[in-house]
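Next come two complexes built around chain A: one with chain B, the other with chain C.
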Partner chain A sequence: MERLEKRIDVYPTHRHDTFKLRPGKPFPFGATMVPGGVNFSIYSSYATSCTLVLFEKESNEPMAEIPFNESFRVGNVWSMVVFDLDCEDIEYGYRMEGPFSPETGHRFDASKILLDPYAKAIGGRDTWGQTPDWQNVFPYRGRLVFEDFDWEDDHPLELPMEELVIYEAHVRSLTKHPSSGLKHPGTFAALKEKISHLKELGINCLELMPVYEFDEFENSRRNDETGELLFNYWGYSTVGFFAPKSGFAATGRLGMQVDEFKSLVKELHKSGIEVILDVVFNHTAEGNERGPTLSFRGIDNKTYYMLTPEGYYFNFSGCGNTLNCNNPVVRNLVLDCLRYWVAEYHIDGFRFDLAAILGRDSQGAPLANPPLLETLAYDPVLGRCKLIAEAWDAGGLYQVGSFPAYGRWAEWNGKYRDDVRKFLKGEPGMVGALSQRIQGSPDLYAWNDRGAAASINFITCHDGFTLFDLFAYNEKHNEANGEKNQDGGNDNDSWNCGVEGPTNDPEIKALRLRQIKNAWTILMLSQGIPMVLMGDEMGRTQDGNNNNYCHDSELNWLDWGLLEENSELFHFCKNLVAFRKAHPVLRRSGHLSNQDLSGCGYADITWHGTRAWQADWSDSSRVLAFMLCDHHSGDDFLYVAFNSHWDALDFELPQLPEGKKWHVAVNTGVEEVHEVGREKELSQGNFLVGPRSSIVLVGR
Partner chain B sequence: MNIALRTEGAIAVALLTGAIDGKSAPQVQIELSPTIESFEKIILDLSEVSYLSSAGLRLLLLLHRQATAKEGKITLIGLSEEIADTMSMTGFSNFFDIADSLEAGLKALN
Partner chain C sequence: MFQSTGEIIDGVAKITLKGELDAAASGQFKDTIEKMAEQNPKKVVMFMEELDFMASSGLRVLIFAKQKMGAGVDIHLIGCQEPVLNSLEMSGFHHSVYLQETYSEV
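Here is the complex of A and B:
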């Protein structure tokens, strides 16, 4: 049978000036290429009329304003097809007519040209750091994208959660430093060139700080003292949820950021590395009532934002406004967005910034059964991707251990960070807490039938000190942020090891290195999902700044020269990651029972101190040792001892079954590294663990 | 956009001059389709292409697919550094045979 060449709906039915039109389809929202034209569809409950505004790319004046015919509206959705557009060369936005009455929640302003919340690519900030034209009538411009990327056989990797080792990084920071030696530093393309490093370290999941289109110039300002231009560098303030940041793409000025990012994801997958996106659904870049009207505010303020009874913005995000996530329309926006990233970009998972907000109702009250979180957990398209919550918000809601999980959600475990830091610096009274953190925090998760994989274990992340700084500074040093060191947290649980900041004292330097190694050891030997911060494998410093959000400078950029300078540390770290991979007993999905359920003579985890079988749980104790025995997996016995005491201590080792011997895998007290499978056999039954040192032994 | 066609033995060589973008892509496709139908081996010389847009890249991939569908082969030559970079960064270069020169292209196809 011959294929019909044409369909009847490729013919226009209406005209506006020279533009040929047809009533559109309400779904999908956004601008979609259809045969012969583009289907534009946008929602607003309260707008009285809507006009499509078309620009030639980068032009200051619109080329056309096409009002939606009233007959093109279905319910609260305007949609129409415009034929014969040069999809590559147009930018689009909307004008909405409607009431301006903040006291009733409405802030329509027909003088503004509004960005489509569903825009798949956004022009206006094409090249990072290029000073914007502040007079532009349409600063962030919707663009059309080709959705025909050839993925070949690529697919999200669907690694079991408990197998992950997460590496948190910022796209620009990873390669912008001149030492990266790359042609297009700071871009998706450059990141592709550093995949080999990630592979060598052994991580299998890259968590990217925001890559949705944001404006680095949002609230940009000069530091009065240094003159440095300060940016919205990290990007935790979204302009468009469906668009990758153009300024992160070397091809962004050509409008090819979509292809460049997809190509990066594809290459990461080829190397066995998953991609998790840090998504910021708690607020938008429009700020409060004094902020600009860019998109949501002018389209349907009352629907998209949480408003006080007087019509002001609730500020649970600390950023001026709060997205009204549990409104059914907004919930669908979030769902559509995540589905899009999974289906179209093959993204493996999401980390939700200030996710506690996603569980609040339209008045801000925490919900027992938040529809958004439940919807995401049960969604078919998201059915196998990772969902990770930052389970707190700026409004004081702290849900670590109690975040509504629906069997799906994992959490950034803030308690892990706090407790491990305290133990490492030698605070007394931390041994009991540490034992919980090492086990995947059953005290937080077991009550709710959540396994160890619910816990994303981390000691450092983008917020706060780097691992190097954690042991080089007692206090934050945020003067460069231009807020007189008032910003950033004060409870860092850090310890400078004797001198604040840089030093040439060899003993202090050795102690700092040992502490970093101790931190890596605890992290990689804990049940749950380890997450490391970019550069912590090579001793990256932020000069004691614990709130680095605004610096497009070496304060954020990773200095690749550190890799050679701190090669001992890197070698140590990658060996430790390999060790974790080699031992399934460290990657259990459920919790340890502390019992001998298999009848092999040993409980799955047993606790020890300087005397075998006698852990010291007292308040003054600064040591903890444990032994793992997994009879079912056939894995080796593992013995781990952490000594946070300032003296070396002799640890009596637990007896192994007949024929097995202890072998040294890790000893942070010495420089020597034993590669996996080539651990050094021990002849004695005890081990002198150096001051503030850790050991890991393998029994086989 | 101008396309100059010639043959080198059984190989068609098309020299493209100008920008390949959304505006010129349909013309390039129409003009090159007969060549793809009648030649198994084709060289596209991009040395005079001033600009290759997203739609232009897609056109190249489309031609490549048309050729491979009838077991033909397309080799690209004359890529400027910028075009080569763009193709590499967006993942398009993975799909093409790219040669450094006409001679190398002819050799590869022969």
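Here is the complex of A and C:
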């Protein structure tokens, strides 16, 4: 280190006032600490000049404005080294001069101080919920980051995809409720204290809703009727792609959010839990032409955004603008960003919000071979991390089953959600579709040589009802969102079990609980990757709200009191997760063949109805049973029966090989779940499956 | 006003920190660490009872100390006050050192 600092070839060649400078290196973009100084590098194709603006931390007035000498520009990149800066105590941004002519795509505004798109930490909004100074011309301030975190031997876990059980959660929602009993609620530090719960449930992958810098006050407003302040609470609108959200860190005010988040990742890894980040590369927080100029718009609007011929913003995201992801410059930004999170934060994978947008060209047309998706799939640094697409967008492009995968990408399987919901609700004609979903959706993926692990199976996620609400509400109840219940989807495929909303009717309450258990059973017994929503293991409700994006309140915060109130449900869920882990036959990477390829006398999956070996595929059928046999792995036989009929039905069980007997692992009809290895032996050859109930049997 | 003093006794680097360890003071702390490291101590003990505040720059120097001294040299932090302890815990650095209320020579 000392030798580096004393390098004789790194010396100032220029001055600006008291600041010593020299031409910088164009790569890497961003602010990089180098011997004796900081290398600042930023790209713009159309800016006519660029000025580095330096502040002492939290100061309103700049300490210096240093224009980039024209000789410091290489191509379209301005770069310079500024020597002797106090890296701990400065914040920086840029002023860009250039044309303001929206009709040609340019919106330069030299009155604004712009955030570096590559800023690794961002100051200015350090405390969650603190009302911003709306007049501030430099609300988001780039900070320098030291890369000296003590990772010890930590490493991304690289769990096989098919082994994952994903838990989707929001940092603040998981830890903010007063019942959480946490010292620093709503923060990365607090989440560390809830790892024990995740371990007990048995999940091994935490998918975090946006954790990079976003503006919770974006489009904030009061609900006219209730007066409640509504936020951009979930955070699906990025300000800084490279920076963890300062307001999610208990140490944000001390500028230690990077350390705090890394510490969380390290602790999750120690517990065998991977970390997937939900990334939003489809749009930014700058909105449309009426939005603020924070960064991209003022640096190079025409490069970073998809623009109409008239210079307006294409809106495939439904959020005002669309990032121009297949422009090579933007593509590199996305790649650099993901590489950074993997290399510096040991992140295990990414879920891409509205990922279909990433496959559109600059005019919005879907590409057959999208360069960005291909680049990410084949990138060496990302080579072992998970890539998961939300394979649709707000512009109507729906690619579930056809997302360009390059052998790497998995998909949120929206078809799984829809079909399983309809079956559970008791809709006729769903048995055939359910059989495909249970097998890992070969109808969607096998044609393209994609295995079951391409399918992220989910019944609920942050968008839409919670699992409890799925069986407590027929209709959405979004009045609290202040949009007269016009927002949120209407195609929920939900069923309230007889009464809309809360009830004291014990029969309805029991039915709802049973339906929740049925849903968990289908999810954990399906091939593919199960994903559960935070709190569904304890009966979390959003009071029927299916578009909860704006509430910093108990509508989003997980009430940990439910864990005790619904302890039997939690016990059921964690046993099911354990059951899945104990049976490799449920976690195949390829698809089932429906044939006896091993010659053991049984196909790998066989289909049954109330009569063994005779599945009822008719439109009026509401029952499906199947048996799994994995001769190669030596796993037990498994028999699963789902009855979504309103009557109890007697199921004839398929006969096992000589010497083996069926044992009951799960029966949602009678609140029965047995720990793995302690299943109850059955003496009879048939099983009465209760109304709207599921059973799981083990043959050994 | 920040003060850091250090001495080596029987191969143990004993460093006492007082006052507020902010960005301006971290250089002094780093100098102390470097002087101690030159004598290859087998253990580092930092007395933190009178350290009232530690900014991120202070944490950076602690991380520097861990890396400078090497993996085989344990670092013990004695008597951290609540704000300092909070910063250590929330940033995860408490896993890399030994936190003790009092120091025993044994």
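By our rule, the second predicted complex is superposed on the first by the 693 of 700 C-alpha atoms of A that agree within 3 Å, B and C clash if a C-alpha of one lies under 4 Å from a C-alpha of the other, contacts with A are read in each partner's own complex, and residues count from 1 in each chain.
The rule is simple: a residue touches a chain if its C-beta (ideal position, glycine included) is under 8 Å from a C-beta of that chain, and two chains touch if they have at least 3 such contacts.
All values reported here derive from a predicted model rather than from experimental measurement.
Placing chain B and chain C on a common chain A by superposition gives a clash between them.
When the shared chain is aligned, no partner comes close enough to touch A:648: not chain B, not chain C. Contacts of A:260 after superposition: both chain B and chain C are touched. Residue overlap on chain A between the chain B contacts of one complex and the chain C contacts of the other covers 86, 88-89, 146, 148-150, 184, 187-189, 249-251, 254-256, 259-260, 262-263, 266-267.
Against chain A, in their complex, chain B makes its touches with residues 21-23, 53-55, 57-58, 61, 85-86, 88-92, 95. Chain A contributes residues 86-89, 146, 148-150, 183-184, 187-189, 192, 249-251, 254-256, 259-260, 262-263, 266-267 to its touches with chain B in the complex. Looking at the complex, you find that chain A touches chain C at residues 86, 88-89, 146, 148-150, 152, 184, 187-189, 249-251, 254-256, 259-260, 262-264, 266-267. Residue ranges on chain C touching chain A, taken from their complex, read 23, 26, 55-57, 59-60, 63-64, 66-67, 86-87, 89-93, 95-96.
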